[in-house]
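So, here's a batch of structures to check.
Next, two complexes with chain A in common: one pairs it with chain B, the other with chain C.
Moving on, here comes the complex of A and B:
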């Protein structure tokens, strides 16, 4: 495909000045654009159904037509979902698990990665690195049964235990990300700070940790998405149903209130919304983070 | 890093001066580094290593999860291999993982191809395509469960398509397709982003040069794009396969393993060990599952090295 600027007409649409400049550089591929727009329906239709169902009355929701617009529009289902799932409590617990997982994953992995990178010539640190990496090959289901037992014995069959397990299972990947990033930070920066009398503690918190910020943002966002959305761990580890996280609470619409579709979808929508909102505000890091993780 | 120039520890032993130097360096370590490292070692050991060892030991016993138990050798393992329920869970999980990996990579690659071509609204399109990644698996599975069991049959009846007229989730032959669909729906974005990163590393000059030589778009795809993103495809397949082997949330939301046990995954069968009292038995199952995951990972790593050689 040639892209010589002079031979390309100014695009098919009305040619504003800005558009002509852009069209000069690259002609838009409209067929591909249209195909992709049609493809977005596969993402948007389920979200549309969730939203429109949530605003329907129970009477309209049971007619089985998921694609109709709500008429009349009502907020009742949100009120009911709010009380049925005890949303404020579930929300607080989910926030607690997510915040603990985010802070824990960033701090624990960054500290370990820093210690490992700066002491790579010491056997203990080098072996620790490979020991932690081994976790990548141990999926949760393999160790789940003894874990359920042990968390019960340790009094951690609660949201805190779930947050700790999130930190542990992300440890290998996060430590790998942080070590890769730390190796690219020149030692000279740190040495000049040490000559000025700073100890390891200050060097880490005042110099290294701020430099790690972009990587911490990535680790933090993925920690949030994973822990906010997870069903497997909380459903198995948290023994008290009163302390369950938001995704697990959604199960009541399968067992008890199975005909209140509008209430169920209102509840689903409230469960999805926080992660979608966080994503929309942080998508730069979500996208760059994923590729960094994969390539390194 | 200095580690590349440092003599190996074995060599150091024979050289007294180097030993002293090494000792001097060792003594200079700030104890704070241990304090930095130990939290991760401690929680990892308590939360993964200890349960893994316990599980391994339990797999040779007749424990029901509490109380007394005896060691019964490898009887659990033999029983697992004769248990049709477990074997069908392995069959389902492996087949599901394989099909999903193929579907996800094919769709993700073409979406990435589209999003890196000269399309309009590129940023907005990408934003939309990534959304499924950030939605809870169980919640979206509940949404699709409604669509598959209520809306799709209505549509099928309306259009007179016989196989769609009843819920595919209630059909033991077809329910797995719904699980592949929803899993793919959720996993395509991450694979797509990795492919986009891969496609962006291909310099535009390469395509210009080939078009001067008269290459068609198909030739470009076949002989330039595909070989250059092969490494990214391997990353996607390794990461994806590992996730799909542990499939749980979406299956719980869609079919809960049913109809019957048609879509019960290995993870689901292991977790049943806590309800059914066959604790030690399911630990043996977990050990086997672990070994299978390791073998698959090693095969994939081998494959990666081979592919890397071709791509380079």
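Moving on, here comes the complex of A and C:
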């Protein structure tokens, strides 16, 4: 049976199965669609509430109807959130931490992975890989107190220190991703370049690092999300309140005793904006990046 | 020689760009921490959200009024982390509680007894800090604002049903019965948030019957031997108040177990219930709804004697100067500035606090004015839930009691937890 008939029933059992698969492409898969719609709603509904809350007056925000449309529409919450958190400064600090963390994580982990993979036959490098992997079992909260003291002593109780800690704590996972990817790059490519006279440094920057780009995108996305949204590390490490990141500054909107939903959500929206913008521009790589580590 | 490799391409220039961008941002960030002049900066830690603009304003005014120090308002630094790093804020203005007392107990806070401000505080208010562990020979903490809490009630609903504020336990039950018969929710419960049970129902019922200070003093003395046969214990001393607390939960809204603090404030603003077991911090939230609800407060009567009525208090804001601070002079100057009667009194008037000074004016806000009498006469207690270390999940235990768990065995568990903690210490 080479072409799919217009009617589905008939034929042998095997042929019937084949037809069903083909026909399935044209028909909607309702159960899956419904599941996906529910999943979509679980993102869109909170997003809707966030957006509408941000434009509500305080009175409307606490009237118990989260889903009502704002009327009158007001931008006061944005103004309040802007001044209360000193938004531009906090935003700049957050951007600094994220950019440093993303760049640092990609470069440092790529270098480490390259060194380890190409020297796999040497015991020192092999064991250093396992040593790095072991760090995956140590989450930040476990070593928070010593880290606070150490960064304080080293003069790193500032955004730079937070960025460095991000790089260090993500090193284990990122190196693992990069080594897995590097193993798939044939050594012959590198050898041909060496025959042309390239040194190790050149091979890395001109050949390996560009070839690592898809994995770098994955690592970069993870690094951005983790550092942009992080609350605990900056709140503990940064000692100067004027150099605090946005998520930490935003905690004043919600305490045990008080909620300012409208101001909080206005502030969250402003803080979410860059993540959404970054996603819009990089979604191609995000998509490919998600499957990068999953499928061999 | 082999031909050289092609010169650097666009990829390198992107890297350069990233580096430049990072550098520029770093410079921008560092520029932010450059001091506004040569004078030293003192960090003023205050994190009560609704009062942030108020204190920020005061800090700016003080900075402008003299040229020795600059005050930096800090609401974001993690306090414990800053002490660990030995760079605590120079002046703290925080809620005083068991967590804060740990710093005091270990001598991390400097002695302020030589300041005139310390002498102006009411003795029984200053004594409140001694309910917690103290550091001998020091006045480490100056209470700035006291919050008095008791049952919040809807005056209009009481009037419409011909009810007067109850002064005895039987009177309270009668009020609840009348309201229930009239189809009105007597008490609004927000049991989804465990802390509302601990600070409301539990503290009010216990405080009305038990001498909280004596209880914990004895409990600390007994330590690891707390149990069914000890002189005091949760299972013995607290059982009756907790049983009454459970009795009161039969008058709450049917959906109380799924309602949180925010829902309670909305419901009270809309007049959905007659009574609400919350402190004055809820007024600010209720006010946000913008309704014209008329609320008052009365101490929860737990005995048959009106003379036993007391209100729950806590030191909402207290001032302290850490030992490790390197700008103690400036910090003390700003402390004195904040303690000036006109500044302290206007803070308390605006944020529904009670003054701590010997000649602080009486509160005038109609919502809390009924508590002034008790405050003046020293008829107050601090919430019993506030003296249980965080490692004992008391609020969750209480939530399970309200959810149907056996009160006696749950309290026995609290005793066991207490004894275990004491054994470890």
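Here is the rule we go by: the second predicted complex is superposed on the first by the 244 of 296 C-alpha atoms of A that agree within 3 Å, B and C clash if a C-alpha of one lies under 4 Å from a C-alpha of the other, contacts with A are read in each partner's own complex, and residues count from 1 in each chain.
In this text, contacts are C-beta pairs under 8 Å (C-beta built on N, C-alpha and C of every residue); 3 or more make two chains touch, one makes a residue touch a chain.
None of these values were measured; they are calculated from a predicted model.
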| item | value |
| --- | --- |
| Superposition on chain A - do chain B and chain C clash or fit | clash |
| First (chain B), second (chain C), both or neither touched by A:64 | both |
| Contacts of A:204 with chain B and chain C, given as first, second, both or neither | first |
| Touching partner for A:32 - first (chain B), second (chain C), both, neither | first |
| Chain B versus chain C as contact partner of A:236, first or second or both or neither | both |
| Greater chain A contact set [chain C / chain B] | B |
| First, second, both or neither for A:253, with chain B first and chain C second | both |
| Which superposed partner A:215 touches (first chain B, second chain C, both, neither) | neither |
| Touched partner set for A:149, first chain B, second chain C, both or neither | both |
| Touching partner for A:120 - first (chain B), second (chain C), both, neither | first |
| First (chain B), second (chain C), both or neither touched by A:268 | first |
| Chain B/chain C common contact set on chain A | 64, 144-145, 148-149, 236, 248, 251, 253 |
| List of chain A residues in touch with chain C within their complex | 58-59, 61-64, 84, 89, 92-93, 95-96, 99-100, 103, 144-145, 148-149, 151-152, 157-160, 196-198, 202, 205-206, 209-210, 235-244, 248-249, 251-253, 255-260 |
| Chain B-touching residues of chain A, taken from the complex the two chains share | 1-3, 26-30, 32-33, 35-37, 39-40, 42-44, 46-47, 49-50, 53, 64-67, 108-109, 111-112, 114-116, 118-125, 128, 131-132, 135, 137-150, 164-165, 167-169, 171, 175, 183, 199-201, 204, 225, 228-232, 236, 247-248, 250-251, 253-254, 261, 264-265, 268, 271-272, 275-276, 278-280, 283, 286-287, 290-291, 294-295 |
| Chain C to chain A touching residues, read off their complex | 1-2, 5, 11-12, 18-19, 21-22, 25-26, 28-29, 32-33, 43, 47, 49-50, 52-53, 72-78, 81-82, 84-87, 195, 261-263, 265-267, 269-270, 281-282, 284-285, 288-290 |
| Residues of chain B touching chain A in the complex | 1-3, 6, 9, 25-26, 29-30, 32-34, 36-37, 39-41, 43-44, 46-48, 50-52, 54-55, 58, 65, 111, 114-115, 117-121, 125-140, 142-144, 146-147, 150-151, 154, 185, 190, 193-194, 196-197, 207-208, 211, 217, 232, 235-236, 239, 242, 245-246, 248-249, 252-253, 266-267, 270-271, 273-274, 279, 282-283, 286-287, 289-290, 293-294, 297 |
